[in-house]
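Dropping a structure here in structure tokens format, bear with me for questions.
Order of writing sets the chain letters: A, B and C. Residues in each chain are counted from 1.
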Amino acid sequence: MPRMVFDHVTKSFGSDPVIDGFSADIADREFLVLLGPSGCGKSTMLRMIAGLAEVSDGTISFDGEVVNDMEPRERDIAFVFQSYALYPHMTVAQNIAFPLVMREFRPWHHIPVLSSVMKRSIARRPEVADKVAEVARVLELTEYLNRRPKALSGGQRQRVALARSLVRDPSVYLLDEPLSNLDAKLRTQMRSEISGLYRRVRKSFVYVTHDQVEAMTMATRIIVLDRGRIQQIGTPEEIYARPANAFVAKFIGSPGMNLVPADAEGGLVRDRRSGQVLDTAAGLDDGEYRFGLRPEAIRLADDGQEGLTATVVTVEQLGGETVAGFRLGDHDADDGVTVDLGDTVFARIPPDPSLSAGARRRLVFDRGAISYFRADTGLRVPAARGATQPQGSNR
Amino acid sequence: MSHTTLDGAPPTSPRPGARRRRPGELLGYAFIAPAVLYLAVFLLVPLVQGIAMSFTDAKLINPTGGEPVGFDNYARTLGADRFWNSLLATLLYTAATVTGTLALGTAAAVLVNRAFRGRALVRGLLTFPYAMPTVAVALIFAWMYNQSNGVFNRGLGVLGVGETGWLTDPDWGMASVVAATVWKVFPFVMLVVLAALQSVNAELYEAARIDGADALSTFRSVVLPHLAPTLRIVALLMTIWSIRRFEIIFLLTGGGPVERTNTLVINVYRTAFSDQELGLAATVGALGLLVSLTVTCVFLLVERRENKREETS
Amino acid sequence: MKLKRIVARLLVSTALLAFALFAGFPVYWMVNTALTSDTELYKTGQDWWPHAERLPGVPGSLADVPIGGWLLNSGFIAFGTTMLSLLLAVLGAYALSRYRFHGKGAAAFLLFSTQMLPEALLVVPLFALFGTLGLLNGLGGLVLANTAFAMPVALFIVKSAIDKIPYEIEESARVDGCPRYGQLTQIVLPLVTPSIAAAAVVTFFEGWNEFLFANTFLTDSEKWPASVGLATFVGQYTTPLSSVMAAAFLFSLPAIVFFVLMQRRIVSGLTAGAVKG
């Protein structure tokens, strides 16, 4: 249940920091998601929380107690690996029982032949056997108890890994991209199973992923990481609606937030490419900005309505909706130029099967959905209308 | 991501209080120590003692009682023909053996690589020579090489060729020993090359077929490049082992006839146990070690150059 | 074209046959000789085909050669070498595979370079060393000497197997409360048993086949392993050759059987450290 405090946690291999000055205060019983692209350091962070990797500098505390030097088993944690890390030579039942058996082992019990004997006898004790059976029942593994991991499907192995964590009843559950090896459908199913587990045990969860859908659906709090640095800490709603910088804005959402290069001058904000006026009275100082608007917030203008002129460059018909990529302004249908997606403004609109490349449309949106980011730093500019600051911006 | 090594890097800045050494690291030392200490005692120390002995005039009856003689032993050894004959014999033996085993082993591997009925049987059969104890090999080959009753001369007699003293004729001694060696050792090359061949990505073969390559050019453009690093390593191993090899030569010819097969290691043994000159024996041994080291260095340099070439091409 | 393929296949088959004959003939000849009387061997000429009817007489002829006692000695030396080598090798392999520590590279280099050392150079100093330790003329001393050469090979074989086990499984055990040394016995060892078996076979036969040290260190002929005993017959023909060959075949048989069974694993382990990919 612990409250976790990270104080300037740093991890370096040699001189390059993989994690740099990570500071956060997470209440207990949160489902914390560490979200970021590959290589951002999130797995390293998780391993430091687990005690599998050494902290180079800074402290990690559980409920006020610094845990930097504690062995994993002293921290009362459970860890689910991306590859599940099941013991191949043991049955499912033995895998699940292993943590309980280890609790009872004395140092000399580890001698090769003696250890098999001891493992078997401890596993037979009622308090152990019952717990294993109970956990297997909860995760629907009862009929697989005597199988070896290699005879199981991906989803089943996942559940064995979860069972092995559940059986120890830890204070913190640590999960390292547990769903990335599963196919899409199974992923959706397992997502709700893990969320269900969280609700049932009511303990702290720390979950690492690069998939923002997982983060948005499961987390009570998200920490977005990029290249070892915290980009933003917040609830899913805060991350979505008020991203602290351009990176977070682009990372969240599918497609991510559109960031149109714009210039502010004398109270007007103009699109740099087409020169169209995007916003008046934004209250920004003169300079270069990124005009941020989520694809979901853009609609096609009705006939006769005013809006931004744009030309369609790509269309994706998804059945339930259409995702169209636009270039602002009038363009000839075929400049023969390859589409530079960096310039493209995406919109998610109700299904429009007739829409095709080269068509001209007008785009409308709510002023309240706009986010501004400075072009040089990428940081969000607080709205002139006094909206609340986003939490936990980049240090 | 899976990690195969344990992160043992200590914290970069000391924190108040806890600067304890992780118990894991100590365990690592404890686990490797027995093996390292064992080798130090039973190999390194004797090696150093052996080299030290080359600077004394120790004799077999009193191994430790030799008086230091500086570089006298080296002068004597390098000045006498016997050492240079040994060196020549060693180089000859090594070159012939390495060539023979590489050629036969690779050929066998290529042949066995295709699937066919009874392949496991054939491969097993081809492994027999390597498994046989050297003494047994020496026994049977000595009998087969026997001048009057051996099967080789009998077979040649049928063809009208006269009796050859395979192990007694100075012109044939080396060849006979090389033949017996190649017979015994080629399966090792075969197994290693076979393993390498079987790791060739099947898709490469298919691509070659689509491009219209026949068997020979497929071999040259797909198989050989993949095989090259393996062959280099095997060549190195074979060379070092050839320089070391003692028993088969000792048992078949004892260094003869007329010292034609008196390789460096045989020389060492005979100088020590027949001539009873330990100091001189150690000298030959030390020089032989130098030869081994030089050869290894040459190989490593070639290897590095080849690696660079392969990386940039 | 079909003709080309048939010819190619014919060539390959012939080549394979040639290789099989090449590899098998000396072994076959050894068996043949074991079944041929001395008269035939020296006077009338050895027959190309074995005289199967002489087979029942072979066990009796072995009495000419004290092979029984010799094989027991060989077995003792081989077994001792295996036990000691495996103990050192397994611990060392785990350390080299999993731990990063100062001098790890040096340790690995040491192990590899010992494969270069010629026994002939070390015979004399070891002779002197064992003399002072009172280990000469004893099978125990041979176990110690053989282990020094066999252990690095066993270590490489086991290490290459440990390298293939994802470290995450051990970390999982660590999180589950398993102490570090327990990770070796509970997790790693059960998963590398095949390679340990292969290493055991290699070290066993290093001890079984070894000749030089046994020949030099042992003075009592009762202590002779089969390698030394049989070596006295090379080129000597006073003892019936058929008995000698029968004894030699008996000596070779275990090695052949085991090695053929385990060839793939042995070779992959031996070369894993050296060969890339």
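In the analysis below, a contact is a pair of C-beta atoms (placed from the backbone, for glycine too) under 8 Å apart; a residue touches a chain by one contact, two chains touch by 3 or more.
Not measured: the values here are computed from a predicted model.
When chain pairs are compared by their number of contacting C-beta pairs, B-C comes first. Chain centre most remote from that of subunit B: A (centre = mean of CA atoms). Centroids built from CA atoms put subunit C at 55 Å from subunit A. In whole angstrom, the spacing between the mean C-alpha positions of subunit B and subunit C is 15.
Shown for subunit C are the residues in touch with two or more other chains, namely 166, 168, 171, 181. Of all residues in subunit B, those touching 2 or more other chains are 2, 7, 9, listed in ascending order. Counting partner chains per residue, subunit A has residues 52, 83 touching two or more of them. Residues of subunit A that touch subunit C in their complex: 50, 52, 71-73, 77-79, 81, 83, 85-89, 98-99, 102-103, 105, 107, 110-112, 115, 164, 168.
On the side of subunit C, the complex with subunit A involves touching residues 166, 168-169, 171-179, 181-182, 185-187, 189-191. Touching subunit B in their complex are the following residues of subunit C: 8, 12, 15-16, 19-20, 22-24, 26-27, 29-30, 33, 41-42, 45-46, 87-89, 91-92, 94-101, 104, 107, 110-111, 114-129, 131-132, 144-145, 147-148, 151-152, 155, 163, 166-168, 171, 180-181, 184, 205, 208-209, 211-212, 216, 226-227, 230-231, 233-235, 241, 244-245, 248-249, 251-252, 255-256, 258-260, 263-264, 267-268, 270-271, 274-277.
If you check the complex, the residues on subunit B that touch subunit C are 2-9, 23-25, 27-29, 31-32, 34-36, 38-39, 42-47, 49-50, 53, 63-64, 104, 107-108, 111-112, 114, 122-144, 148-149, 151, 154, 183, 187-188, 191-192, 195-196, 199, 215, 229-230, 233-234, 236-237, 240, 243-244, 246-247, 250-252, 264-266, 268-269, 272-273, 278, 281-282, 285-286, 288-289, 292-293, 296.
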